[in-house]
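Read the structure below first, then the notes.
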Amino acid sequence: MISVERLVVRFPGAARAALNGIDLDVLPGERLAILGASGSGKTTLLRAIAGFVTPVSGRILVDGRVIDTHDAKALRAQRRRIGMIAQSHDMVERLSVERNVLAGKLGAWSAWHALRALVHLTPGERAEAKAILERVGIGDFGRRRTGSLSGGERQRVAIARALAQNPRVVLADEPIASLDEDYARRILELLCRAAEEERVTLVCTLHQPALAHEFFHRVVRLDRGSIGESSPPLHV
Amino acid sequence: MNVLNLAIPVWQTLAMAGAGTLIAVALGAPLAAYIAARAPGARAIYLALGALRAIPDLTLAIFAVVVVGIGPAAGVTALAVFYTAMVGKMFAELLGTVSRPVLESLEATGASKFSVVLFGALPSASTDLLTFGAYAFECAIRASVVVGAVGAGGIGTEIVGSINALDYRRVAVLIAVLVGIVWVVDWFGAQVRRQPLLALAIVPLGVAGLIGSKPVVFAAAHAVKTFAAMWPPVLDARALAALPVAIFETLEIAVVGTGLAALFAIQLGLIAARRFAPAPVAYAVRRVLDVLRSVPEVVVGLILVVAVGIGPLAGALALGIHSAGVLGKLFAESVENVPVAALDALAATGAGSVAIATYGGVPLALGPIVEHTLFRLEWNLRTATVVGMIGAGGIGQALFNSQQTFHYHEMLAYVLITWGFVLSAEALGKRFASTLAP
Amino acid sequence: MHSSRKSFFALAGAGAFAAALPRAASAADTIRVGMIPDAGATQVSIDEKAPLREFLARHMQRLVDLIIPTNYNATVEALGNGSLDFAYLGGLTYLQAHARYGVIPLVQRVSDRAFHSLFITQTDSPLKALADLKGKTFAFGDVNSTSGHLMPYAALQAAGIDADADLKFRYTGSHPATLKAVEAGTVAAGAMDESVYASMMASGQADKNKIRVFYRTPPFLDYVWVARKDLAPSEQFAFATSFLALTEAKNKPILDILRGTKFVRANDGEYNELRRIATKLKML
């Protein structure tokens, strides 16, 4: 589903490459956890897959098609299939929860549709947002202002937004950072169950080896921009 | 002087400013979204907005007369064009301040740049946008004082007429009314900061203003012909020879004016800050600053021309007096934001409040004070060309005179020179700001 | 150039015909009159000018909109695109409007036919003649003013003074401002309209003990009421005859608003001398 081939990423002025020749294949429906310390390149790898980072060399294929950051139109089409859950679960704080969930459909909407949805949501759209929110356990939160939510609640909204996108691939960047272990486990359960149900490929960066091995098919470790040890792939 | 006599110009001023601001926001917001989305040609639009801002208000108003005829419509059009440029530019900058990760997370869904700006940047910056909209309205009220000259009426026309008639009592009353209006609008702006949706109250005012200022004609073909005839810009030998002096005078007006303003503003700002002076004194100085701030430069200039005569000094003083009000308020806020602990340390040495203010307040707030002053200098470089038209000299006067005598080729040349002025002042301001930024 | 006399008779005929037709005043019929307040006139609240508007409305059987711009340039452009039907212009502005947009002169006050500019200075100043002004500071009024700029400029030139080279001059923007600048001593001398000078002296707005006149220009033509080029002749006629019918016995309040005693027909040909001067000085 995802093929990363000899990927090298170097940021301007940086002493060493952020990603230094990464090779990685993720199978359709596989759940892959990436472990690594801060600065090991985990976030950069996810951002490169989503086309936010232009590699120095090497390439990335998603669903057989190359991610080309110079072809804006093709990149947008690729991104529609990739749901992204960012580390700081960046929400538009001033918008309601349901609008933030429906923001997942922004790639499929025209700018006019977006403007209309900003001012007014149809009953159908409301119902859709509610259904997705129910799946992440906060069905009644639709009308709330996103800025007023707690960290864990935001994480659920971020997952709901990714689900609203109907993606083939979900990239989750430390979705359980700053959550206590009990809550972290619930979020991971939610994320993995949704991935299972939707038959979505899930790539997730984590800090906690124990949780990684418990919830994911395969675990790889990133160290200073290179793939270190890797658990054997599981056939799914 | 009966009440109706005042009510009509007050209404004309509010209606003109309201209608102008409404159009400006309606046009400026999509332009800003376009610029913020970095769509093709965004840079060109951004530069064009800057060029529009280089045309003095009154010149714009006369251009508007060529298109929509004399009367309120011309005043509204001039304000709309000028503030569309201002709103477009500022909104684009405000949309640009929205946190990058939030926008990126929306881009990650495959959304177009426009959708991202609409769904992400617009709501995120909405408070700032509405606050700035209210501020633009306040500025438009001051500007309407000038553009009223094209038969749109309003307080400005009344003030000019009363000054020409040497009826200083009426001038004083009219200025008091203007100060009152600006106060109310200022108060309104403060409410908007707390409850941004209040800014929508300008909408009915703007709509009423628009209804009252229907264009008499719409002479599109005539306007195209007239504007095309202004091309190319030409300066004859005499005008070219006078150009260095004119540029120097404009610089002189701006620099001397800003310098004087900063000098007075430091002292007034320290007294006005709720920290050093006794509360009633601070309150009184604050109100004085409000008065200085609410009288537009051009009106100050018109009064000064009578009092101190014509020339760059009158222009510099006009900018200085108005800017002292603006800077005094900003300085007071900067000084108030200085950490209390630092000042307490000085107080512990037994220093008096004047010493604390001088050795503590000023040095600690120096960064913002310098920044505000430089921003004001940039602003005043543009305004120096505007007060030129009331006899202060410089490029502004040359531009105004060539327009008044229908030397439109020459006028266009001065507009372009002013544009160069405004652009370089902006670039200079940005440069200083970036050197100052930590 | 058209012949005023001939067109006036044409106007008269058309007017007589038009007057025979009864007309209802409707909003679409509104006549728009631009009236710039010449210096010294008190601004101009609408109610002050109301009698004039009512008078015109009655005579022309139309709704009249009185627009009071404070800028000549805007007024001329408004005549150019038809957003004003009639306007009151200074001599120089008339020439500019005539050259650009072919406006038609209709009527003027008797006093407009023999205007004078005055050169004023402080009582104790050594200035005696125009030639003494060399190297001095000087104030003109509005750049577009006939009596505050064009004619004084021409008078200086006739006296061998090139204002651009020999004077340090400024534009004050209005006649009263010029007088105040001279009174305050911020300039050595200035040029202004005779009638404004007289009225400021009479009303005490100027200090008799501080100001003296040291030169008076020869007479010249100044203010005039004009119509836009393509306005129906019947309208032009109705407007002109309204003004010509004003008498001090019957219409004192209106004449006071207009600051005149009697109106006469205006004629473009009579502006030729002014036109020659303006062209020579590159103001046209």
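Couple of notes before you dig in:
By letter and in written order, the chains are A, B and C; residue numbering begins at 1 in each of them.
The definition used in the following text is that a residue touches a chain if its C-beta (ideal position, glycine included) is under 8 Å from a C-beta of that chain, and two chains touch if they have at least 3 such contacts.
The structure displayed is predicted, hence computed values, not measured ones.
Centroid distances built from C-alpha atoms place A farthest away from chain B.
Distance from per-chain Cα centroids to the pooled protein Cα centroid is smallest for B.
Chain centres here are Cα means. That of chain B falls 34 Å from that of chain C.
Chain centres here are Cα means. That of chain A falls 46 Å from that of chain B. If you average the Cα atoms of chain A and of chain C, the two centres end up 76 Å apart. Taken residue by residue, chain C touches two or more other chains at no position, since every residue touches fewer. Of all the residues in chain B, the ones that touch chain C in their complex are 4-5, 8, 58, 61-62, 65-71, 74, 148-151, 153, 157-158, 160-167, 216-217, 219, 222-223, 226, 238, 305-311, 390-391, 393, 397, 400-401, 403-406. Here chain A touches chain B in the complex through residues 50, 52, 76-84, 86, 88, 90-95, 99, 103-111, 114-115, 117-118, 161, 165, going by the rule given at the top. Within the complex formed with chain A, the chain B residues making contact are 99, 101-102, 104-112, 114-116, 118-120, 122-124, 126-127. Against chain B, the residues of chain C that register as touching in their complex are 32, 34, 37, 39-47, 67-78, 80-84, 96, 100, 139, 142-144, 164, 170-174, 176-177, 180-181, 184, 186-187, 200, 205, 283.
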